[in-house]
Amino acid sequence: MSFNTFGKIFRFTTWGESHGPAIGCVVDGCPPNIDLSEKNIQMDMNRRRPGQSKFTSQRKESDKVEILSGVFKGKTTGTPIAMIIYNNDARSKDYETIKKKFRPGHADYTYFIKYGIRDYRGGGRQSARETAARVAAGAIAKIVLNKLIGKKFKVVGAVVQLGLLACNKNNWNEKQIRKNPFFCPDQKSVKLWEKYLLSVRKVGSSCGAVIELRASGVPAGLGAPIYSKLDSDLASALMSINAVKGVNIGAGMNVAFLSGEKNSDEIRNVAGKVKFKSNNAGGILGGISSGQEIIASFAVKPTSSILNSRETIDDNKRNTKISIRGRHDPCVGIRAVPISEAMMTCVLLDHYLLNRGQCG
Amino acid sequence: MSFNTFGKIFRFTTWGESHGPAIGCVVDGCPPNIDLSEKNIQMDMNRRRPGQSKFTSQRKESDKVEILSGVFKGKTTGTPIAMIIYNNDARSKDYETIKKKFRPGHADYTYFIKYGIRDYRGGGRQSARETAARVAAGAIAKIVLNKLIGKKFKVVGAVVQLGLLACNKNNWNEKQIRKNPFFCPDQKSVKLWEKYLLSVRKVGSSCGAVIELRASGVPAGLGAPIYSKLDSDLASALMSINAVKGVNIGAGMNVAFLSGEKNSDEIRNVAGKVKFKSNNAGGILGGISSGQEIIASFAVKPTSSILNSRETIDDNKRNTKISIRGRHDPCVGIRAVPISEAMMTCVLLDHYLLNRGQCG
Amino acid sequence: MSFNTFGKIFRFTTWGESHGPAIGCVVDGCPPNIDLSEKNIQMDMNRRRPGQSKFTSQRKESDKVEILSGVFKGKTTGTPIAMIIYNNDARSKDYETIKKKFRPGHADYTYFIKYGIRDYRGGGRQSARETAARVAAGAIAKIVLNKLIGKKFKVVGAVVQLGLLACNKNNWNEKQIRKNPFFCPDQKSVKLWEKYLLSVRKVGSSCGAVIELRASGVPAGLGAPIYSKLDSDLASALMSINAVKGVNIGAGMNVAFLSGEKNSDEIRNVAGKVKFKSNNAGGILGGISSGQEIIASFAVKPTSSILNSRETIDDNKRNTKISIRGRHDPCVGIRAVPISEAMMTCVLLDHYLLNRGQCG
Amino acid sequence: MSFNTFGKIFRFTTWGESHGPAIGCVVDGCPPNIDLSEKNIQMDMNRRRPGQSKFTSQRKESDKVEILSGVFKGKTTGTPIAMIIYNNDARSKDYETIKKKFRPGHADYTYFIKYGIRDYRGGGRQSARETAARVAAGAIAKIVLNKLIGKKFKVVGAVVQLGLLACNKNNWNEKQIRKNPFFCPDQKSVKLWEKYLLSVRKVGSSCGAVIELRASGVPAGLGAPIYSKLDSDLASALMSINAVKGVNIGAGMNVAFLSGEKNSDEIRNVAGKVKFKSNNAGGILGGISSGQEIIASFAVKPTSSILNSRETIDDNKRNTKISIRGRHDPCVGIRAVPISEAMMTCVLLDHYLLNRGQCG
């Protein structure tokens, strides 16, 4: 059973609402004796936090993480690591005008139907604010994996399509990703994307995105068939991120177009090492990592909270219209990059520990 | 923890290898007092079993299900329902020639790396034969949901793209799906697909497919955010099916191309009923069902076991080539239809029961 | 998988160390629309907190609970309820002298062996301080059950044996339990216990206790055989409390002495209601509640941290002696009363929700 | 969530009713590459099966185990191991006379209330017949632990009290346990117990028992605090066995009588090895194994199915009487010995694997 807990051996539980006093995360099952400080975690938090460019929400949050337990004298103890992040810039008043209306495309309606109660302030628990807690958990997972399997382990994400504009993945440049506000890996797309996104915002609209994740340094053998396959768990992890509607592993949906010969990655012994001639599998075969780079991508839908007026109903089922002011990302897909890196890292650590238990 | 168990409250555990004496399934958490017979389950088994047309594997299996427990005088008792399906037509000899080689694109290699041992007979546990057990579980889930929420509940799957050939989804015809060997919903595509798939086989190759699933009659309010969202669980369920590499909910990967206005499905009160003007969300908002049709699609890669020669290594890491004879589906995506219907049905029942527990 | 999470549908995760900045609890799966305030929870916290009489630890903790999420306008929303309790009176210096020695009978040694690291300040995570978080969760569970099944639902615990002195259970008086510092149900024992416990403390020793729990108003039908039987889950819950070494359901260990006739509680229809002529079963048959009062008891070992000198080793395996000063309960069993009530209440709510999911 | 599944990493799922065609077990998470044959498992099955002496049920079952999956060429493959045991000697007719009455002290009543349906044939799923499947799982766990930690690992159980008669535990003789039909460790008690049990049966009654389990060769460090403590999990495992009403770890309920000095086992370095001067803790401190012998005991209530007439009601709530003929154990506690050994072994293996995952 999970609800607000993710993972099997390395598990985290998140809590908190967009406009409550704080949000947080309890990481359980973290191996002991790992060096850990708030500073290490903060670096990842900063990549996700809003208000850093004109292309994300203008809500100003420092997203400062405090560790409340599980670390003694700078080392993990094997006990739960509780982290808290205070909400500093919540403006619930922004939501007064829409508190009885349901935003089309948003979870307002379904939460109300399920729970019979609605925390309308900033979307409450549905808000992407929850994902800050995931990034904190992912930062810990990364530190642990770097300790356990070395610095060669790395997960890198990038936006490869912004609305209608794809970048050229052949120009994938990891350093470039950290230099622009779009996490775009292709320098040539940056200017264009900037113009495009400003125009999207100007017309009171929003756009979607596709993000690609690449994990290198992952040992072969991770994944627990049949129902905890590595790709199953990755799909579940990525689909749990707000606004994600599609997930691909390797060639993904495009496998339908490939022939059997083209699709199946041939294997070679090259100077004693097992190499694959292609990577349509995205590094996962039968739900188990093959030692290749793990590649996943996913699509994020356009922000539902837009200025343009839309038809909807209120909580008395009366027909009405809605137009959302306030501070929203014109493309929520951008900030999905550090969030999805965090989720993938947590899944990989979890399977690393699980496999160590199972197969020793 | 899951491994070979799927679900939360309605849970099933599958076991068995392609060429062992039998495969089977234990369904746990089935509500009591539901009419159930082997005959009801068999109908669904027959839709999946091989050897029914020239477009699937020629392995002849009756896939006859026997119920060993959990049913008394024709009714479920609330205790585990064990089912067994004997393997009748396993020809392990077919695999002698490749027992030391790894099929490119197949799980042969990763299972060997993970477990350090290989059951080469028909792929052992990696074989899609395991999915027969899922269909048995899904058949029970369907019967239970039809009892609990009525006959209006229905999950229908269809192949909407066979290799390079898409069908016209506007011609979606449910009756047609049951009439052709491709589970194709568009009569106009059948002849073309037939020709196409024969040619694929003739050249010793295989092709991929895209399957679409539609569930109607699903009440609003199912799904447990944040980490057991209905779409997360569906993604995990579908990605666990052999050879699946991509999963979409509603508009799926295409949401990246949509504007905020276009994507978010407007809501209307039409004669007292809540209606949506479109269904890009695929019936799921914030991980919770909205009362709309639940729509998911997924891509299945082309069969890895093909006649055409491919480069690979053996279990001593020596470079070699492989060419697979034996009985294989030219397109494993076809038989994924009843399997995926079963998985979606199990997820929906599970969330129905879970929601009843949580929200009464 | 659980570690620091307890429960199936109603689940709570605790975190925090004795001498860290705070401890806390995340309650997940709480039904929505239940009235909940910090004040309601505080009443239960106050029953457990130390420093209230000369018979418990003199550590002064207000144990003030703050709710950080999951409640909106005084009602639960169905999302996780995070609670935090700050540690105010932690004196880590008290532990400097023993930081390299292992207290016999304490978890100091085994935590060090397992995790290879030791948070010696007040026992770190092993401390009974963690149980404050359980009481907070239990307080919520009680409020929910009182809403769902009415005020007739009640769990009452009492110390029925203090060291060598048993009280007379025939004099069980619920009001009396709340009036004395021992949670003793028999007024006649109070004076005697007072004298006894002072003498135990005076000689630098400690004593054990037996606690009995009685839950009334529990509907028949709760419990999920075979491996989530109500009594299995209660045994696990009670054994998880610090220092508990034995758990009985109903007649418990004494069933060995009973004949088949004597043990099995005869059933009668009395004026249309099902009544049992005795309750050796403690209200549980085959792991399912029978509608009778649920009765469990358990033994708590004497506090390991005592003044009297004991032989032990240090973290270099050198032989040494240890004598513990500082603030310790002479009988930890006393404060186990509100803790165990909380655990039993959580188990009962969890099974109530689970049964609603399973059997509707 | 568990229901009919036990364990975290090493998990087994049991199914089947007393008078159905078969019972069985699916073991999941068994490490790969372990030698395993039906013959190895059968030895343990034979210790539990009925009809072997006049002191157990006269039902004749060969309890022959067949392995259906998960083993290839004599070795485990890491995939689920399904086992089936056919029921040969079920006589449902014996139950016709009581099919509408509830046996006092039995789960007949509570299953009926929970599920609204009753499989009266031999108690259906409530029957201790289910425990045969546990013994099969335990046999595998034993083989795995003997491979992983060596032959020094051993779990031995014995009946230490039969009804009113305790044996002298100072005479504990392991070989003796295997020589008498009572699993009695003290030769001097055998004759007396024989007489006693025959007399109990003669008068149409039954008696209870206390069983003690001792596990040696268990490494220190197993157990996952707070809610998967080794003792919590053992308590849950033992309490899940039919008719168990009390569980002790080490000194158990008797800790209440001990002083702090007496109870806490002093620690010594003896020739470089950590030794404890006593074992009141039963080898578990803070929920983690200490390296000492793990000691647990539990009480089994007298068989509820007795010849002597008892008052009860029928399924229309009408008052009536019941007297049970048929084949029943006069003391179900006896056969609990191999069952409880199996459960303890499974718990220990599970925690061994879990700890390997967590702490590497």
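Going by the order they are written in, the chains are A, B, C and D; count residues from 1 in each one.
Rule of thumb we're sticking to: a residue touches a chain if its C-beta (ideal position, glycine included) is under 8 Å from a C-beta of that chain, and two chains touch if they have at least 3 such contacts.
Note that the structure is predicted; figures quoted are calculated from it, not measured.
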item: Duplicate of the A-C contact set - from B-D, A-D or A-B, the pair where over half of the pairs recur; value: B-D
item: Pair of chains joined by more contacts [C-beta pairs], B-C or C-D; value: C-D
item: Chain B and chain C, separation of their C-alpha mean positions in angstrom; value: 46
item: Inter-centroid spacing, chain D versus chain B (mean Cα positions, whole Å); value: 39
item: Gap in Å, rounded to a whole number, between the CA centres of chain D and chain C; value: 27
item: Per-residue overlap in chain B, given as positions that touch at least 2 other chains; value: 1, 3-5, 8-9, 14, 29, 32, 78-79, 114-116, 125, 225, 359
item: Residue ranges of chain A in contact with chain C within the complex; value: 1, 3-5, 8-9, 11, 13-17, 20-24, 26, 28-29, 32-33, 68-70, 72, 75-82, 84, 114-117, 119, 121, 124-125
item: Complex interface listing, chain D residues touching chain A; value: 1, 9, 29, 31-32, 78-79, 148, 225, 353-354, 356-360
item: Sites on chain A touched by chain B in the complex; value: 1-6, 8, 14, 102-107, 109-111, 113-116, 125-126, 130, 161, 163-164, 200, 205-210, 220-229, 231-240, 242, 245-261, 263-269, 272, 274, 277, 280-282, 284-291, 299-304, 306, 308, 310-313, 317-319, 333, 355, 359
